[in-house]
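Each chain carries a letter (A, B, C and D) given by its place in the written order, and its residues are counted from 1.
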């Protein structure tokens, strides 16, 4: 399996399965001398943690990260930062019922085809539990990025969406409700919907928006590694993501160039921001804005029909713990991946000029 | 500038500016022994070529590719394939009027900020002319992929969209009109709109869809390099792209899991295909479907106000040759980038099992 | 710090300092389905372990490896293999005496210059303790390589060298003495020399040879990643290494081409092997032979003069535990690095032909 | 074929065969704003050029480099620098006699085995002609490195070696004789030997030494990418190289640590330099010194016996043009590869500290 590393100079490599001994990673390329705020890292982990509220999966994991290297007397040393998060609650469910069969819209079937067999205990490597490592690294990346501010938030659940422009939102409200929607009235409706869906043993999709403020000009490498191409790859690599758009996005295709072009102010800022803070693949100093679509997760607490590995029809009853809607827990993951992208480009940008 | 290489084992590295001596690239990792169909490569180049119809830019470029290495007696040798496309029409327009000023929503401003100065003749490296190299490599990648079929097509221009499901389209129609829309009636409307926009000196956005048929199971590396994450990165790296979605995409967020899950047939195929041919980041053998949003390009043949590098207001008159709508020429580029992603994963998949 | 990953498709990334919580790594790109012999891995670790005999450092480390992922029911799953080796004996020595001063020919000075400060407890990241991770991964790589046989052995300590051609050596003798020299009489002399040097609190250099048998034809990528270039890089990345030569090596420069050329037998094998099993950077199926020079390690148990970080002269007394000669413990490290190179090329070679 | 790229942030990717249309490369990651001295680049190419003196191959190649991109108004723009060197004299010799047979100690046999067939016109990709691209990129890298001085020189041909320490040599003499040996009396003897060998239609090996002066402290990434490991890989990737050593090298194994350790002066410099300017894989500011062994090249102008691809014995008569000894032309190649390594680490070092 290739592709377990993200980044080109600030790099995260991860390992781990949902029901193995634990997960972890190596952060490479972090410069020496950054004071590490351990509490901030644990706080981000807690925002992603299962069991944090009534509307997320009830799997019990402390998600305490243990650092093995690369930090000395409270600061990064420049050497690779190795870390581990033990799985503590991985044995509580019996997975023998899915050992020889394939859950619909999961990765069971393709893993068996690609690798010849699979670790059938839960999602294995394909489980979103893998993202716990991304949050550790992303949280450290935020600390490297300093005053730059990454605000991810839930903007849609099913058909319920915030109907105001993002400019009018107060992100201080995001963490005030379990949905992580900064618009309180909409948050309430979303929460009700998720509770209802949960009772049905069903799931529902959603959209996470992200506004990044105080971005320096010049981040992004403008051919294959355009800033938005890397942000898109980062987001699309998160489990259950089906789409990514930035700035004017899919709606922008309806516009004329004369409407869509962002005119300059004398200081280089622009009067509008259809570009979403990125021009030619490089940050232009305006706020970066993008949106990420998450499908309804495939794990249902319902009876369903599927096939076993011999192609025989089987009927299964979904059990265990699941997220009725992933977007509340996806918020810190989106932030983490955005931070990894930006930290990488922040360092790479030191190499642009002689 | 980093990020001029695409791919991990089947790799394309490109160079070149819109108004320099020429552009070119190196294709590395192409296995030995592939018979090369030179005409097919030139045909794909011709589909991307400026001046091919009345609704695209009239810049005159033959876009003839010259191969320097890696092909011997009609077959790939396994060694890197170097190629060059000379710029022949790069001197016909005077660019001095933009030397010291910044065109809105172009990369002029960010290049000056990032690199200290820029090649001000046209878009330089940020020009979509760079994509000519992608088409060369992508066309060769198609030949590596054999019977797999990549069908990109225009599905929307401005507000005019195909209103039928992609399953009902006949892709033999795609090349029958200059818009590259496989639905003839819609194609006509799109062409009229583009002609109208062109007369106004304005531009309009659009959407390119892509259906990939006969995909083997197992392509994609399921963590950071999920098949759709790489496809998304590939598409978002094309000039003017603002969004990417696959399978159920942004619409899928409104669905419940019980509706969205793709039930299996006994042979491992699925009854529905909301997954868009990809599960857990790995192709499942169903058709891959994705959509790419293109903004209206920024170059207008109109008078507009902007700033110079001292922040002074200047009035400019857009001139030169431009595309009123990029999506017709984007079709072969989308195909090329898809082919590069698939060829890379096709080879990587040889390493999955012992 | 870049450069903590070795390999292009079979990859090892490591973390860890000599006196931190532990060391570990991630092995990526190992194909699914390899039965893992855990005892063989621990055996290789034991061959590298401190305290294994009277002529090596007496630091007490169990060097037990714990695997976190990537192995299920005794076989590799294709997913990344994360592992950790805890440091258990890291606190027994007081390192405050070197906190502000620089030991000669150690990395103390350059780390402070490059990173601004350093983890001053022992060698930190520059300690050869880092190689424990290489042995874990290299031992697994051997299992991937199957019947191919890697025989590293001590061929010189100080002025005492084996005076027979390697073809006449019996590698079954290598592990029969603590020096790991397959020539028993020479081994005895080497051991006496090391004991003498040790009593003086001094150190001595040596040479490790390596013969690789049953190598398939075709390993190596023939421009920048020639097989011997990668082997050389691998060996030169081991602590204390000062030189690498293969085949005829430095002696070969004295020869004429008419003497040095290896004539073919009808089956493609060669009558002589001055090429050392590699032609044009690619294995030719003959035995691979190379030699690695190790300097005398810098840590002495003697009084010496040096400078502190203000450039002031200080007198220090070396203490702690040290290796009087590194080559006996280097043997499994040389093997591990050779295995990593070969496993990477073994997999890459699956991509050579259509 | 993998491995056509050298470097991690300052990168060279090359293409081209000895008898194809031409060779070339892409230099990526060169910062914007470096004034380019084109004459200096051509001068380095002329030092590597065939036909430059009576003791090298008489193949006639102008070796004029044409730059396609990345340089504008005399300065690097930060974008990738594409360049091409046309082959002009590639058709003058008939290679049909080697089409189906394998020259001893060439890459003919292994290419056929690895790739299924080969471009049999001369060495193809395995020819040392490929190094012309390295000289272009290395010469530009020197310009990035500024005042740092790289002095490669011939120190041994066959049994004739400079018998003085490198510290006493005057490198102004290196270019004063066709051998590129800075010791005039030794140079004369070497030249006589090469003329004699040439008349015999034979070849002879040699050693190139390299002294690098005015090196900043801190270059090198201290685990797998130690400065000397990358230098070693760089040198071992040059055609015909059989060994690499730095500092005390293979001789240093005979020394005791108490002799070998380099004591500090108050300013951080060292009294001796057995370390060869590198400690812990990082430059320490002292001169870097290394030596590279080149075998006698395999092409002889003699009759010899070999096999064809069916394993049948054939007798051949070497013809064409060849180098009786490669080291005079290897000098600029060694310098180029050293410059590529140093430029890469020079840029990477900007990322070490916060």
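One rule holds for everything that comes next: a residue touches a chain if its C-beta (ideal position, glycine included) is under 8 Å from a C-beta of that chain, and two chains touch if they have at least 3 such contacts.
Please read these numbers as outputs of a predicted model, since none were measured by experiment.
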Report summary line: Set B-C beside A-B; more C-beta pairs touch across A-B
Query raised in the report: So, what's the distance in Å between the C-alpha centres of subunit C and subunit B?
Result: 46
Query raised in the report: What whole-Å value do you get for the distance between subunit B and subunit D if each is reduced to the mean of its CA atoms?
Result: 39
Query - Separation of subunit A from subunit B, taking each centre as the mean of its C-alpha atoms, in whole Å - result: 26
Query raised in the report: Which parts of subunit D, given as residue numbers and ranges, touch two or more other chains?
Result: 1-2, 4-5, 9, 14, 29, 32-33, 78, 114-116, 125, 351-353
Query raised in the report: Looking at which chains touch, is this a line, ring, star, complete or other?
Result: complete
Report summary line: The residues of subunit B that touch subunit A in their complex are 1-6, 8, 14, 102, 104-107, 109-111, 113-116, 125-126, 130, 156, 158-159, 197, 200, 202-207, 217-218, 221-226, 228-230, 232-234, 236-237, 241-250, 252-268, 270, 274-276, 279-284, 293-300, 302, 304-307, 311-313, 348-349, 351-353
Query - Residues of subunit C touching subunit B in the complex - result: 9, 29, 31-34, 76, 78, 144, 347, 350-354
Report summary line: Interface with subunit C, subunit A side, in the complex: residues 1-2, 4-5, 9, 13-17, 20-26, 28-29, 32-33, 66-70, 72, 75, 77-82, 84, 114-119, 124-125
